[in-house]
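Here it is, the structure, as structure tokens.
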């Protein structure tokens, strides 16, 4: 008997039959290599630290970082809340803006020639150098950081939305045209749902950049946050605390990133199946 | 007589007939609003500077920046060459790595669970905080900067390649399966060409990030480059020179960005037409 | 790991070109007034005279210098004395072998029209500054000496570039900055300057440090390097213009005039009563003690400090008195 | 036969179309003039690639003619479309993959802003008509190609337009379903007095269903013949044995296969 | 009639298929056992959505059976596919949009590593066969749906497989082209001794072209009849008037439309 999964190994064409077996054990087995890999990495890292292969002021071992986390729990936690809020707001503002600009680009050629260079410019300009402007325009504090965060994560969402919109099946558009759907209806019923895979790819990248944005923003001007804490710890040459803060940033980043991913899977999920559906059906 | 472009205003369904008229005058008319917009912005900015609405050490006017460019032409130019090389090498390394990791993620589920968290982690970690590690692992100078650049621009290419590959028409894969194409042939003849729009969207974003990466890399420790020049000018509070350097960075960034875009249009172009092709044809 | 390979290089064992001993140095910052003594020594052939070839690299803060020197990546580094002290409490043994800045070159500046003219006026106001820099600690110390509690001030972390903008646009009431950074600012005439030194806080700032291992293995090299550098420092003080011009020819994007201006502005922190008595480059034990006391009081130090291990005057003292004497004007 | 107002529901006057291709301009439609009476059922046949689709797409406002005029109930195509005077069934099902079968059928009603309840009712009614009542909640990818095309037909009927433009709508159907759908279409045509413009590649089907058969010539296509089908209404499968049917079908076959 | 070895080229033994759907398992193929003689032309007919495509997809190694065994020239589908013993023509053209028509035809030859020259020759030869020699350099989106399907057929023939599995390959063709292609297929079948498994929804076509007609029942489908077509070879269009043809076509029609 042939194995249908041979059609296309990474994405089985007819997984339907095997599905029940899959969810439990198989899923666990799938993440096993990752657990082993990262586990081994952690152990190696700890050994490297214990045996002094890497000096702890350059790269402290996991146990030292854990100690520092325990010691600085309160400040890490409160700074995490600050940074998390900045990331979230910045991401929301940035994605919305990126999305809206993408609409401008998509629906208007003149706007496209206006928006693209401006956005590319803002994207490539080192934000640190623009810090004074940010402070003047957005004020000292969270709003500046949110602005930087939004600016930094806007672009991938913009580009991917445009690519998604441009890739929409023209047949569907003709269908909508033939029933005299207005622009908003085409947008709502076709463009938006059809572009969700690309938009979410943009949101994933954007979210990862929002984390960077918030930290950079805090480097430039802040009263609190994990980026701020990194600066402070660094000036004290407390590398363990620097890494403790990095652990928290990464945790926040991963949480948000995989949150966006999950949301995407939930919204696009049914489609992913469709895409792997059989030809004639 | 109906206007065929009404089918879908932003992307005309049957542009063929109008094409000849389009290329010349129309194109110019299309970019006119952008020219007016940015021209007006420039004038406004100059006025703001001339009338002292913004202090020149915060935001020097265009004429002051132009003066500074004239004055510092030689160093701006030589630093531009340095930074451009870093961006280019970092971008190439990063895209290649991102692409290869995407293949790993796409073709192997266990690898996916290993790679994704690692890359998200590396993406969100503030590179400046990791400066000592970079300097130790990659040495002082260009290699560290290239490493940071590569790291920062890898992710969008990775994510978009995966999304592109996952979106490949399953019918084409079944076709390839039915002629017993091997994995490499499927990759070469279907996956890769079919994913070009998404891959290039990733490359566009990646390129804009590579510029940021090179500047951040230079902040960590460099002897030359536009990021270095910004630091130097900043320490002198020579804001005009800071902005002169920013102008050059942005020029480099735009050049590279639109280069990637152009390459993408050249490679995907024929397809873009196809996508806007009529339904039954 | 690269780290292992690099640290296995025997410190002081490398040879440079033409039989010269290779010395590697990580600066605390991009080429600026702190770099000038080294550039002067290089330009005037002092290193060569000592049989040394200097290979230096720009930096991004004293903390990185500390890490790279301690890990054996480079032989010497420059950074704040407070970095050396902090490092010690983290078990990182480094020794300052030359004191470049005798005093903290920091100030709090306010707009003249703000009416803030004295430290006392700062109560309840906001100060923007790089909170992670030595300058911030110096500001805190000065406030403490003036009897102002940290909680009475609203500190905002602002990167150097952002401080003056925020100040002039009224986003903050005051800015904490390196005084030298003011040299080129066209805001100079519109601001009040409150230096921490005038507030009574005399603490060492930028130092040249290395590892105890290098000192033990190759004290001669350290001695020669320090001697040449001290001579460079003296040369820079003697001829700021000439050395600045020489340095401008050695590094990219160095502007001789503004370098000279900032260096001259900082000179008062390099040369003071202590150097009049002891010469340039000498460590002022009292100043170091005051700094440790203050850092402890501010809760910046987590362990005990043994100052006898943190700096040594042994090498500076081996430099001819004449080579390190430069009287205050 | 329930005829409409008697005037021309669809009228083409000297309509031509030239595509600009990489290898220069290619004329696909020569000069087509034809009047389709309101309420009549007209089939369009012609050799593969001659330009049938091109013609009906121009009528359906999906393509601008290079020359000539088109009127639908007196309106140019774009206005007629806006007034929702016609429904279009494409050669391919063109279903929205993320909507259920039912919600694909009711897509035009979403556009028209119908209430949830009305949409649901109308949708189920139409699914019953095309024999897919059990598949309302399936996804398009879970039903066969033939079923997909039936969904597309139900969708075109959803807002009950006066003119139906159908480009080989039964191409993907099996013969039995095809027959059933054909007579279903005739019932709709008769009951609701719809005008139907129906592209097909089956001569039998064209003759069996139509009032008139529009025979198109090879590319660049022009009207070769506009045959009257003199069979009584209502049509039944047994009309296939009618001499009129056999004669006309034979004549049309000869016309399309001249060398045979 | 050029028959092959005489043994079964394709053999299905108790083949069944159940899909797992959102609303539970759905059996589509019941228990199909059939032997298709080497070199024979077998048509598959049955009601819409009964499972014809599902069956041929299992034969073509595009779907794993839930039960039973399939052998092609004695090999399981995957091995037969690897040995390139069959070619598959999908219900939809499935062309690669970024390749020219010619390069779509020669795609399998790219996979087989043919030389540029050989590919070019073979490709043009096949395009001539399907009447598209003038469209070699067109993009798929520049040709009509019918032309696209002809490209797909040419592609399946490219590497000259012993067995051709075709899922309603002529569905998008007009009748004339369809007839021409059908007889073209018969010529290929006869000349090259190919075994052909041919899904169609045209009873006429099935009878006219085949040695045997496999009649499938409604879902879950099973073999309802495996009729012998006792018409001589070579077949000609006039066989449509042969009483054997008329009788069998009628019988099959009755079988699929029992209530009629």
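Lettered A, B, C, D and E in written order, each chain numbered from 1.
The rule is simple: contacts are C-beta pairs under 8 Å (C-beta built on N, C-alpha and C of every residue); 3 or more make two chains touch, one makes a residue touch a chain.
In UniProt terms, the chains line up like this: A, B = NitT/TauT family transport system permease protein; D, E = NitT/TauT family transport system ATP-binding protein.
This structure is a prediction, so every number in the text was calculated from the model and none was measured.
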Original post:
Both chain B and chain D are touched by which chains?
Top reply: A, E
**OP:** Out of every possible chain pairing, name the one holding the most C-beta contact pairs.
**Re:** A-B
Original post:
Just how far, in Å, is the C-alpha centre of chain E from the one of chain B?
Top reply: 48
Original post:
Measuring from the mean C-alpha position of chain B to the mean C-alpha position of chain C, what distance in angstrom results?
Top reply: 39
Subject >> Whole-Å separation of chain centres (CA-atom averages), chain A against chain B >> reply: 17
Original post:
Using the touch rule from the top of the page, what residues of chain D touch 2 or more other chains?
Top reply: 21, 53, 61-62, 90-92, 94, 142-145
Subject >> Sites on chain A at which at least two other chains make contact >> reply: 6-7, 13, 58, 128-129, 132-133, 136, 171, 174, 177, 219, 234, 277-281
**OP:** Mark out which residues of chain C touch at least two other chains, giving numbers and ranges.
**Re:** 1, 3, 67, 71, 161, 164-165, 169
Original post:
Of all residues in chain D, which touch chain E in the complex?
Top reply: 21-23, 45-49, 53, 91-92, 137-138, 142-147, 150, 168, 171-179, 201-203, 237, 256-257, 260
Original post:
How about chain A: which of its residues touch chain B in the complex?
Top reply: 6-11, 13, 30-34, 37-38, 58-59, 106-111, 113-114, 117-118, 120-121, 123-126, 128-130, 132-133, 136, 155-156, 159-160, 162-163, 166-167, 169-171, 173-174, 177, 183, 186, 197-198, 200-201, 204-205, 208-209, 211-212, 215-216, 219, 227, 230, 234, 242, 245-246, 249-250, 252-254, 257-258, 272, 275-279
Subject >> Complex contact set, residues of chain D against chain A >> reply: 60-62, 81-82, 84, 87-88, 90, 92, 94, 96-98, 107-108, 110-111, 139-145, 159
Original post:
Where on chain B is chain C touching in the complex?
Top reply: 55-58, 75, 78-79, 128, 131-132, 135-141, 219-224, 228-229, 231-238, 242
Subject >> In the complex with chain A, residue positions of chain C that touch it >> reply: 1, 3-4, 61, 63, 66-67, 70-71, 83, 86-87, 90-92, 126, 128, 130-134, 154-159, 161-162, 164-166, 169, 171-172, 300, 302
